[in-house]
Amino acid sequence: MKEKIKVFITGGTFDKEYNELNGSLFFKETHLHEMLTLGRCRLDLSIDTLMMKDSLDFNDADRQSIANACSAAAEERILITHGTDTMTITASYLAKNCRNKTIVLTGAMVPYKFGSSDGLFNLGSALAFVQILPAGVYIAMNGKIFEADKVKKNTDKGEFESIS
Amino acid sequence: MKEKIKVFITGGTFDKEYNELNGSLFFKETHLHEMLTLGRCRLDLSIDTLMMKDSLDFNDADRQSIANACSAAAEERILITHGTDTMTITASYLAKNCRNKTIVLTGAMVPYKFGSSDGLFNLGSALAFVQILPAGVYIAMNGKIFEADKVKKNTDKGEFESIS
Amino acid sequence: MKEKIKVFITGGTFDKEYNELNGSLFFKETHLHEMLTLGRCRLDLSIDTLMMKDSLDFNDADRQSIANACSAAAEERILITHGTDTMTITASYLAKNCRNKTIVLTGAMVPYKFGSSDGLFNLGSALAFVQILPAGVYIAMNGKIFEADKVKKNTDKGEFESIS
Amino acid sequence: MKEKIKVFITGGTFDKEYNELNGSLFFKETHLHEMLTLGRCRLDLSIDTLMMKDSLDFNDADRQSIANACSAAAEERILITHGTDTMTITASYLAKNCRNKTIVLTGAMVPYKFGSSDGLFNLGSALAFVQILPAGVYIAMNGKIFEADKVKKNTDKGEFESIS
């Protein structure tokens, strides 16, 4: 596929790191470039960091910011890395406010830097889906693809599920 | 997607390990299950190990074996993990001998067990493509998807490229 | 060295894990056995988990418990894995209450399970020191060895330093 | 300990990497600095790469080169990273040709870059031993310390053992 894909980074567990001085989790720089190198990804990507926030801290202004960036992007296909806690909310917002593009959101349950992370698998998964799917907003988690408004995060199991 | 996906394991660098007693690379058991757990993959998969061979050691009988397994499988969507050296040859063979199914081959340039592996990324990528693509035989490497007979491995760069 | 070495596990960052359901750090089982296997350690060790606590939560009863265990042990050489935050306090307590044995405390600034951990290095270091040093209580961190009461944790730098 | 320690790098499995273009193992740069950073080692070290060779390829000239470097070094305490296959031969050579210094050799059964490596554990172990032991030549492997001429590598088990 020759089309360029836009990648917007917004933070989430995907990019968190461990602060050894105080034992907390925090954001430094994104690890996306390192992950794409590890995956030997040769896609034509344009990558921008919009923000580095835990999605529990997202407000309407943040979501509007993401929607504006998606609309303004020259690309028709967009991947967004995002915290899993409110990924479905952002997906719904984008479905209303940014039509006519293929937008796929993904994230990770464990920080990439922590070793046992699903981040690299999800990145491969989401980048595949965004190349093929028709215009719409989707969530790629747990190897599956979900349409916005038809998915919820099962917080007991820590996984995403379809809702009718 | 509710359809079950079949996964056939055939070996390749994807599953090699380091033998610390003599410094060589060899096959023990597949790491696919461990990788699917790491990726928190919740797809409905049926997994079989057909063989554990370096694809440079494949012969016609091996390829026929893979084709037969694909045809005999109840599933319409099949992922095959395979060595990268002769992946394009197997893909061409399957395109002639196993029609009407969506078959995606993938592998890794670095063994999963070696840390800096593209295996997990490729697995996520291939499992996404196999759910969406129409019937045909494909190769998923470097984040991209290629149709059988339209791809070659660039051995200088260690990556896959389209050919017209 | 033919002598058996006792290892007491008490928790600390060394053994913490990431809870992907709520993003917190917590204790499950110790990873010490896994680390000793990774290090291909062939020493004769007797391993006991005394508790799995963050050392910021330690109280006198916990320290007394550790001292009692050290005194009761048949072994003359004892390694203790411990949180770094109050390691110096426990070391001082043991220097007063458990004499005539070689006791070395160590820990980690980053959980072993997080990838970029100093845990494995410190374990190798501490196991070496405990085999050679004369009776006394010591802390092994940052590749160095410190006597109890002559060391403090520099919390700005996240490392251990001598004090006169 | 305030004394500076010299570290001589000579190669061995410790520093090997996987060449994904042809599937072989080879040397690029040493990973020692990365490992010392991971271990948060704060010792005062002077590090030199003497050569990057598999110790099966060592000849007398190589060993003489190592002995000369040890004698010429200002430091009294020296760590040498070395392939495990002929580590005992080099240790014996040094015991004859470089007296009056504390010299500890260590290595790894699995390349550090391969994930499941004993390299980091051995590095912590060897750096501890070299600080404490009296003048002599030693091998630090499997958590243990052996005197030169009193150790052999058990190639069936892949570990080091005492010989009387």
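When the chains are written out, they are named A, B, C and D in that same order, and each has its own residue count from 1.
One rule holds in what follows: a contact is a pair of C-beta atoms (placed from the backbone, for glycine too) under 8 Å apart; a residue touches a chain by one contact, two chains touch by 3 or more.
It should be emphasised that the depicted structure is a prediction, and the values quoted were computed from it without experimental measurement.
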Which chain maximises the distance between its CA centroid and that of chain D?
-> A
Pick same or different for copies chain A and chain B, depending on whether their interface residues overlap by over half.
-> same
Chain centre separation (chain B, chain C; CA means) in Å = 44
Take the average of all CA coordinates in chain A, do the same for chain B, and state the distance between these two points in whole angstrom.
-> 26
Chain B to chain D, mean C-alpha position gap in Å, rounds to 39
Sequence positions of chain B contacting 2 or more other chains = 109, 116, 158
Considering only which chains touch which, how would you classify the arrangement: line, ring, star, complete or other?
-> ring
Each pair of chains that touch: what are they?
-> A-B, A-C, B-D, C-D
Within the complex, which stretch of chain A touches chain B?
-> 1, 35-36, 38-43, 109, 116-118, 120-129, 131-133, 140-145, 158-159
Which positions of chain B touch chain D when the two form their complex?
-> 13, 18, 20-21, 23, 25, 109-111, 113-116, 155-156, 158
